[in-house]
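Chain naming follows the written order as A, B and C, and within any one chain the residues start at number 1.
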Amino acid sequence: MAKSSYNKFFEINDIHKHFSGAKALSGCSFAIKKGTISVIIGPNGAGKSTLFNVISGLLRPDSGKIIFNNTDITKNAPEKIARLGISRVFQKARLFDNLTVRDNLLLALNNNETSMANLFGVPKNVAQKHMLEISSSLEGLGLTSSIDKIARDLSYGQQRLVEIVRAILFPHSILILDEPVNGVAQKLKDKIRDMLLRQKELGDTILMIEHNIDFAFSVADTVFVMDKGKIIAKGSPTSIRNNKTVIDAYFGN
Amino acid sequence: MVFQIIINSLITGSIYSLIASSFSLIYSTCKFVNLGHGAAISIGAYLLFYSLQTLHLSFPVSILVAITSSVLLGLLMNQFFYKNLRKRKVSNAILLVASFALLVLFESIIQIIFGSDIHIVELSKHVQVFQFYGAKITAVQISVLVTTLILFIILTFFFRRSKIGREMRAVADNKEVAELNGISIEKTYRTSFILGSIIAGICAIFVGLEYNISPAMGSKLIMKGFIGSIIGGIGSVPGSIIGSLLLGIAENLSVLFLPSSYKDVVVFALLLIFLLFRPQGILGIKREETEKC
Amino acid sequence: MLSSYFIHLLITIGIYLVSALSLQLACGFSGMLNFGHISFFCIGAYIYGYMTIIGAPFWLCFLAASAGTALVAMVIAMLTGKLRGDYFSLTTLGFSYFVIATILNWREVTNGPLGLPGILRPDFLNNILNDDRYFLMFVLVGVILTYFFVSRLVASPLGKVMQAVRDDELAAKILGKNTYKTKIISLSISGFLVGFAGSLYAAYVMYIGPGGFYASEMLLLLCIVIFGGLASIRGTVISTMILVLLPEIMRFVSLPTTILGPGRQVLYSVLLLALIVYKPRGIDGKVELQ
């Protein structure tokens, strides 16, 4: 009785997924609290990216449910899931290579390009509002001068930053990041950490996969440990650090 | 009457299955659609004709010339163009465009050298016809059926037993794993082109003997081969054989219900239907839509 | 005074330019390699021709040709929009053969292999367009309208979504874009424009037939689009002029007519292969050849 009165913000329920024989997800279940930063860690091949692909609607699970804001989104198409408020960053930077930084960011802000009204341009006041949002989001990241550069001309670290900015600009209530600081220099890692912490201050919810344990533990409220397709431990960074099950999973038994 | 249709279907189907299987062989190993394969057929047919009628070489020698020319052209396309493009990791769509350009290029060169006339290859003035339950079948047609059957039996053994055959299947299944097991990918590609072109050459000989030789024959035949592969399952050589037989049956059956010129419409309508509703064909495996994110 | 040969060349360039710009829209800007583009052109030409023969007012003929082709393009896009890139191209290739086969057989409408003679030019202003010089101006207006329309479209928010779908369809979905719908819109607009080009052609030659339509014309359009550079409108203009004029030079080298046809095809196929292998960016390409 008490359960159904809770607002189910984000819940993964018993997800199973296999690929031609191998089982990637075996009964993965957990829930995220609104306004927190949750990090999923775990050894390679644990199924973390597969889980994110299932959440984003890029893969269909064999069974199980994903509930977001009380809605069952398990079988929804990726674009529908995005519009419900899930913003996603992939493992490798995926900007639109041949478009400018500005265009990449505008794509996150515009949401009805295919309607007749906007066929040849957005109304002036909307365009101005978007420009302000974009320039303020790039401040402090050393990217303001790159706003009209073509995305593939940026360095990898810069691309990563722009991608995260884009995901933040996209209207969302949960931000899902797959290894945001992978392959990125230390200075940029700090910038990304600041961006994520600031988002949390603004009330945003973040779920991410991270292999870099230091980075993960420096931002996480909750840590989930995944191994062999399911969650094997959950808790604060400190409790996880000393958790025997986790240590066994990482170093084998 | 029914029997005649069955015979005709088998013959058409056999020839199509020769094209389709060689085409599918290249597709399953190299994983792209090689429209240029049509040119390999064209050149085999034209050189058969040229050797026989102009150079007056003996039939066995002409066959050899024809098949060799098909293999040489196929190899040329692979070594000079596809290998180069593969190194640059272009997409499948670009390889398709390149293969289309190669098809048109070589067909045009053939047309310039040999002219636009339609040629018929005559082995002998006297055509031997057999009667079979009220249906007629010629000696050439019998040899088509027999050769095709023998060829496929040989191919089956080749793929199951021989080292090269198994290597080709390994590359077709999973390129990365095959490479880790020490198989040379480029060598396997080259072998599949050689093998596919040999079959193309054999097919060219039958087309030359049974039908006729015209400048656009390559494009027309490769489309039929491609359609047969799609119907049967493009990654699968047995599938393409079945698909081609079905195609041959469909073509010959349609003559019963529609004017014969509508044959092409039926054939391409079939292609569209399969590509849109069952792209993996009858036997093919559905590709898992895994995105490496 | 402009010689009639020169006028003919300019009209030809104009018609090819509209076709090439519409292919650039589908291919360079939206990432859809439409091997059936020429058959869309053909459909537009036949619709226009048929409509003038049955006596419809000229504006309706053009509208029917463009809108009819757009409708066909829309149906094709709806059916193929979820297919992988090379399968899409193959389907359009198959479709183009289907169109030719249908044209050859649907004699009541298309007159089969004989084609439709007696197509009329638009009859406004006292049939002034029967004079090629004025027809050239008509074509020019069409070209200018197409040029500006396509330029504005690709710079608009919709144009950016199309390019995003080209660059990374998955990432576009993740940003909430309906990529399927975007591709349908893109191909439909491309179909509308090339249908219009087809109607211009039918009006100019005043005859339409199924012969000589497929391979060399498709090859030429692909060359124009890649030589000009994918996603470059300016490049397309320049490359159209160069590539349409190129074989005209062959005229001055007296070659036997039997070689002219396949010779042209050799020229274009070699050019296309050379472009793919050595200079995939073309003159002004903005996009990697993927």
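Please note the rule applied: contacts are C-beta pairs under 8 Å (C-beta built on N, C-alpha and C of every residue); 3 or more make two chains touch, one makes a residue touch a chain.
All values reported here derive from a predicted model rather than from experimental measurement.
Among the remaining chains, the Cα-based centre furthest from that of subunit C is the centre of A. Central chain by Cα centroid: C, whose mean Cα position is closest to the mean of all protein Cα atoms. Distance from the subunit A centre to the subunit B centre is 48 Å, each centre being the mean of its Cα atoms. Between the Cα centres of subunit A and subunit C there is a gap of 42 Å. Work out the mean CA point of subunit B and of subunit C, and you get 31 Å between them. Residue positions 291, 293 of subunit B are each in touch with at least two other chains.
Shared interface positions of subunit A, defined as residues touching 2 or more other chains, are 58, 90, 94. Looking at subunit C, residues 170 sit in touch with two or more other chains. Residue ranges on subunit C touching subunit B, taken from their complex, read 33, 35, 79-80, 83, 85-87, 89-91, 93-95, 97-98, 101-102, 104-105, 170, 215-216, 219, 222, 258-259, 261-263, 265-266, 268-270, 272-273, 276-277, 289-290. The touching residues of subunit C, when paired with subunit A in their complex, are 152-153, 156-158, 160-161, 163-164, 166-168, 170-179, 181-182, 185, 231, 286-288.
Across the complex, subunit B meets subunit C through its residues 32-33, 81, 84-85, 90-98, 100-102, 104-105, 107-109, 111-112, 115-116, 215, 219, 223, 226-227, 259, 261-262, 264-265, 267-269, 271-272, 275-276, 279, 291, 293. Contact residues on subunit A toward subunit C in their complex (touch as defined above): 56, 58, 77-79, 82-83, 87-88, 90, 94-99, 103, 106-108, 110-111, 113-114, 118-122, 166, 170.
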